[in-house]
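Presented sequentially are two complexes of subunit A, the first with subunit B as partner and the second with subunit C.
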Partner chain A sequence: MFPPLPNPSTRPGPPRFGEQDLIRRSASEVTPPAVRQTAVAKLIDTSKCIGCKACQSACLEWNDLRDEVGVNTGVYENPHDLTPASLTLMRFSEWENPETLNLEWLIRKDGCMHCEDPGCLKACPAPGAIVQYSNGIVDFVHENCIGCGYCIKGCPFNIPRISKTDHTAYKCTLCSDRVAVGQGPACAKACPTQAIVFGTKDEMKQHAAGRIADLKSRGYDQAGLYDPPGVGGTHVMYVLHHADKPEIYSGLAKDPKISPLVDIWKGVSRWAGFAAVGAVAAISVVHSVVAGRSRVSRADEENAEQLVDRELAGRSVGPPRGSPGDGDGSREHAP
Partner chain B sequence: MSEARRREEIAPGDDLHPGDPVVIDRYTTDARVNHWLTAASLVLLALSGLALFHPSLYFLTALFGGGQLTRAIHPWLGVFLFVGYVGLFFRFWKVNLWTPTDGSWLAKLHEFLTGHEENMPEVGRYNFAQKTVFWFMGLFILVMIGTGLVIWDQYFGSWSTVEQKRIAVLIHSMCAIVMICIVIVHVYGALWARGTMTAMLKGRVTGGWAWRHHRKWLRELAADKADRGSTTPAE
Partner chain C sequence: MTNSWTDIKNTDLVVIMGGNAAEAHPCGFKWVTEAKANRGARLIVVDPRFTRSASVADFYAPIRQGTDIAFLLGVIRYCMEHDRIQWEYVKAFTNASYLVKEGFGYHDGLFTGYDEEKRDYDRSSWDYQIGDDGYVMVDDTLQNPRCVWNLLKEHVAVYTPEMVERICGTPKDKFLKVAEMISECSSPQKTMTSMYALGWTQHSKGSQNIRAMAMLQLLLGNIGVRGGGMNALRGHSNIQGLTDIGLMSNLIPGYLTIPTEREASFDTYMSTRGFKPLRPDQMSYWQNYRKFFVSFQKAMWNTAATPENAFAYDWLPKLDVPAYDVLRIFELMHEGKVNGYICQGFNPLLSAPNRGKITEALSKLKYLVVMDPLQTETARFWQNHGAYNDVDSAAINTEVIELPTTCFAEDEGSLTNSGRWLQWHWPGGTPPGEARPDNWIMAQLHLRLKRLYREEGGPVPEPILNLDWRYKNPDEPTSEELAKELNGWVVSDVVDPADPTKVTLAKGKQVASFAALRDDGSTACGCWIYSGCFTEAGNQMARRDTSDPDDTGTFPKWSWSWPVNRRILYNRASADLSGKPWDESRKLLWWDGAKWTGYDVPDIAPTAKPGVVMPFIMNPEGTARLFTRGMMRDGPFPAHYEPFESPVANVIAPRVRGNPAARVFKADMAQFGDSAEFPYAATSYRLTEHFHFWTKHVQVNAVLQPEFFVEIGEALANEKGIKPGSTVRVWSKRGSVTAKAVVTKRIKPLVCDGKTVHVIGVPLHWGFMGAARKGFGPNSLTPFVGDANIETPEFKAFLVNMELVSGPVA
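After this line comes the complex of A and B, so read on.
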């Protein structure tokens, strides 16, 4: 058992991290702090989860959120998906193990994974709407959020949700406000089986290693830690009994990474775009300098008058003076 | 020349007034209002879109009252542009149809670009380049409204998958860049050929302008005037 975080002192003190600890800020450049904080992580042990949803309740309670009352469609998920109010959700899947023919009930607490390489932050166009602290927490700053939904496109886990009320994006904060005063996340605090534990990332990996050894000794050969390298590792990790098949846990991504479409959109397309617009503008300027302006001359006006007069005087006169290509002075290009 | 053949370059509202200089009504008030509303929405779309395209242009959101409002207004401007362009499309699609002259015009494009329009074939109401702008703008606006609806999260967020939205937003931004390039060419062309701006500002051009740039159109207008003038005294 991993020792629960002791309750911190109730005396007010300075927050343990803040603005000065930002390592990334959406749509802006930050100077990373010289000293990085110790990376924190939440470890979710699916083999210990009993599906009680105490974590969901604690999340609603601590964040003072109330989801709409939904409808029962005969499944255990409640609500049916993550919402702007439900920042975490127990997902239940019934899986028949082809080797043992046992029915396994796989329960996974879904929510933000706090990627080391956060796709949401990279996709975000609003300066400072998404920040990443040096301890690994990725947080949304609501007053800077414009509700465009780009974070949803950037996220490899399909986590952020846009509120229809205040039109900003919501996701798990890893209880950044609690962590800042030395507490663990509300969900971890509430979990009755210690399926959710919180500490430094190294501690969590170590703890996970012990759990995995235990699972392997009990026949779960493929038990393992889910800390996907495609997103640089995550600050929310899972212990899975079937780590070789994360997708059986209600579609947990097998090898998540930021979509190449997002990379192109946020990378080469910007520079190619600016280059294209700049090139067309430059060509226009060069053309105006080289070719000069195209002016209508007095002779053009006279030619037009003659053409009109001829037409109005009698329809069947021969070709008018100055048919194309005869090069008379009337169509001379003005300088 | 048959009547039908003669008139194919003339758009509704075009009229010729003999005199010195000859004055031609090229764009009706309706057409100009339609054009400038479309143009204004396109400029605002470009500004609000660019604001979200690159952080260095995010300051442009201030023009729209901040990021939230920019995000909210942009798609509605898109709808407005779409409707505006539909109006322009139905006004002018016929005179923008391909004619054999366009091929020979394109073959002599270098003459046009170097300012030797006198060596170009006579063109009707629009030359090949103008027609290209017309059709490509229409095509890109279709793509933009299509992909734009996919990423309009507020109303259509649940209509597509995240992967579809990623594809849509990439196409949307790339096509926006091409559209901005087309607009630059369009505006430059209008400024380059003197006397063109009055067509869209006041609705009129001079006969000399038409002689120089759209002679086939001028001939048709004069012939049409003569036809109509044969029953009523010429002014």
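After this line comes the complex of A and C, so read on.
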């Protein structure tokens, strides 16, 4: 068994990481810290998971979030998708193994993967709404969030959800508040079978190697670690019995990458932010980016895509000069 | 459990059958995960459904509910046929070599002595041959055709792999794979643990399901060893405590029995409780019965229980029937013969079978008292909740009195877990509103009754008036005071017979263990098996030392385990006849030349010589029973019987319906359905998101599993045009429910005796009170019949029909 994290001292101390450890900040420049923290990771072993939902319950409790009592739609997933309150969700899939003809009930705890190269942060136009610490944790800063939903578009795993109440985006924080005081995430603490463990990324990889060897001894030849390189690796990793087929785990991305649109989009939003001063044509886009704590509408998306197309077509219009201080612009120009 | 939760980490093979540990016991299941991760243990799951336990199993085999005995006797047959037997263990530690009376036999599904009219057996032939020396006759060569071994061999011969497939619907190759994996554990260096729960108990032959596995474990030499055992996973954090303390109508604490009306005097009562050893030199520990019984009487009535009045024997109730089990009580209530009912921590409207009958029964009461921390459905049985409780409130005259109690997290006391550990707990919160501890409520009831008897008199007032009430605050005895009473104390000085000036037990002191108890009235003890839990050294249950020398999983200083802090029962059997551990890497207890020593408290006299005193000291035989004499009502061996409602006839004995010795009340017999009208085999179970009927009151749990559903396989769904999320109606001969449909690959049709059997799963957790959506439970559908020995209702196997009501709401 992976040794559980000892209970930390109850005496308050300074947080173990904070503002000074930021390595990325949405729509802003940061000065990288001189000393990087050790990378942390959460390892989710799908082969040990019994789908008990203790993680979901612990998440709701620790974060003091409450979802609505829903309905049964003929499946075990409840709620039926991630929500602004349910930052993690057990997904169940029934898979008949074509080689053994055996049924396998693949249960995966879904939630933010804490990418080393976070698509949400890249896509985010609001300065400081998404940050990444040098230990790898990607966190949302709600007071900076404008609720535009670009983070969802930027996420290769379709994780963030926008709250209808406060119109900001929510996702798993990797319990940054707990980790900051030496605790592991609430879900790991609650997991009865230690299917969820937490530690440094190196420790987690090492622990995973042991688990994979065990799975191979049980006939799972393709057992492996899910730490996808397309996003620079993740700080939430999975042990999969069938690492060659992550998609059978309720559609886990096989080779996740940040959509190429995000880079271009990002260019557009900068331009749009600047152009908003006078460019009437771009008003609707600007509105969606800067004025509203509202979702990206279909019209917004179409407008954005048109702009992208136009830009791709020859960059006939573009920012007259270099990047105007990336993000702060959008806030400055807010009506 | 013979073993403990923590001991499961020592196993090589976990067999989950008759339970779903990952689903219903997720925290205990961590020890399975431990065994798998650290020892490379394998996990087998045998269940009608591919469960959450199956999702992490190495091998899964389907089985039709209610056919476990056929499967297990098939495995026993396989082990006998392939010589996968731990011979030294079986020959020395079981009754395999004992000779059975000539008159005993088994034909056409019935043992000798059956009386169809009474649905009962004359069990006189189900016994050993006794020699002139007064001991059982044995044949150590196992050649005698009347020895238990040969009778067993004959008894299981019919359960071939083909027959198992025909009865259970388990494909032959899957059965053989399971049998092979299990049989490997006959090696002294390999152990298997059996984890079971209500999936075995809630059948009309529940006790025999468990016996079948216990017999298999004995043949493999897996009882008394680390990583082995018969491990009942109790469904409630203190249900083990409930049975230990004797909260059953035919028991008093510590598994002593309530007298029957035929046992009018103490001498008559004791005359059948001598427990004379059946083999030479055996301990037969129940020979101490009188000490435990007298000490119990002293704990009840102290100075009023004297040798002159046979220690107040007359004040104990005398049973006129074998037991007032829950089915009998509700039958009597239904007949209008019960005036009042006190429901303490019990929600029978949802947890007793045939809800329609329960509602009618409760409606005939004059009064109903409900003591519970939650608003139960039972307390509101009279209230109309539309389809979910469609009663005519105006027609119900029962007066209902609700007494809100504290819950376990709001008071102090001990909980006894499945592994027999008494774990002390402290309040974690303040009780809301008018909630009062059960201790206070019971004390108030007692004190008021006492006053009424004193002031107004009445028949037989003595048991109430003389009840010992030695509490600092008579209005509310503390849990510590009660625990000390259960442990036992010295009533009057006991002196050394050799030297009368030397006091061996001083008056007023707590006894150290039940070994100190006496039958002359000088000791008192509320529950002999709990003796040692609260001694002069303090509250042993409150111990929280996690040390575990050599990582054996024993944790001897964490809380306290009954009996005498022993963690593995029958642990002397972990060593061979000479006292050497069967498996050095898993040693537990050994003979050091002079005494037994090891990691656990020896389950034998410390100086009892190996090879002489056998490990099963509670049995007069000293050995474990493969053949259980006349001790069970339905047979000395388990035999396959179909559930009372079964999709197929009993292929071994087509004439026999259900368990022939199970008690059935007349009106209930007429309420059994048949497969022509009710073609689907239904079963009930718990879900991990909820705990019984409690957590539906909690918003978070309600979010995780909000609405009542039934589970059906894809084949049946296609046949009926049912899509996931459709609303369906499921009904039995007794009632009807509507539910959402979960359509799954995890339930596959089984082919039993040539017939396709569809299984329908009905989870239990919903009602009409609480935070979750209103719903039904399986008990609207289930039959009113229980196990032949202990009357646990047959919730796991019944027949239903089903139809589509409406498609899923988009």
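We take it that the second predicted complex is superposed on the first by the 266 of 335 C-alpha atoms of A that agree within 3 Å, B and C clash if a C-alpha of one lies under 4 Å from a C-alpha of the other, contacts with A are read in each partner's own complex, and residues count from 1 in each chain.
Throughout what follows, contacts are C-beta pairs under 8 Å (C-beta built on N, C-alpha and C of every residue); 3 or more make two chains touch, one makes a residue touch a chain.
These numbers come from a predicted model, not from an experiment.
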Next item on the list: Classify the contacts of A:52 with the two partner chains as first (subunit B alone), second (subunit C alone), both, or neither.
Entry: second
Margin query: On the A-aligned overlay, A:158 touches which partner chain: subunit B = first, subunit C = second, or both, or neither?
Written below: first
Note to self: So in the superposed three-chain picture, is A:27 touching just subunit B, just subunit C, both, or none of them (first/second/both/neither)?
What the structure shows: first
Check: Touching A:241, do we find subunit B (first), subunit C (second), both, or neither?
Finding: neither
Next item on the list: Please tell me which partner, subunit B or subunit C, touches more residues of subunit A.
Entry: B
Next item on the list: Go through the superposed model and pick first if A:72 touches only subunit B, second if only subunit C, both, or neither.
Entry: second
Next item on the list: Return first, second, both or neither, reflecting whether A:147 touches subunit B, subunit C, both chains, or no partner chain.
Entry: first
Next item on the list: Go through the superposed model and pick first if A:189 touches only subunit B, second if only subunit C, both, or neither.
Entry: neither
Check: Which residues form the common part of the subunit A surface touched by subunit B and by subunit C?
Finding: none
Next item on the list: Using the touch definition up top, name the residues of subunit A that touch subunit B in the complex.
Entry: 27-28, 125-127, 144-150, 152-153, 155, 158, 162, 164, 167, 259, 261-262, 264-265, 269-270, 272-274, 276-277, 280-281, 284, 287-288, 291-305, 307-309, 311-312, 315, 324-325, 327, 331-333
Note to self: Which residues of subunit C touch subunit A once you look at their complex with the stated criterion?
What the structure shows: 22-23, 26-27, 29-30, 33-34, 36-38, 40, 42, 50, 52-56, 58, 60, 688-689, 699-709, 723-726, 740-746, 771-773, 808-809
Notebook entry, point to check: Okay, in this complex, where on subunit B does subunit A touch?
Noted result: 16, 18-22, 51-55, 58, 61, 66-68, 70-72, 113-122, 151, 153-154, 157, 162-163, 165-167, 169-170, 173-174, 176-178, 180-181, 184-185, 188, 192-195, 206-213, 215, 218-219, 222-223, 225-226, 229, 234
Check: Contact residues on subunit A for subunit C in the complex?
Finding: 1, 47-54, 56-57, 60-61, 66-76, 78-79, 86, 94, 96, 102-107, 192-195, 211, 214, 217-218
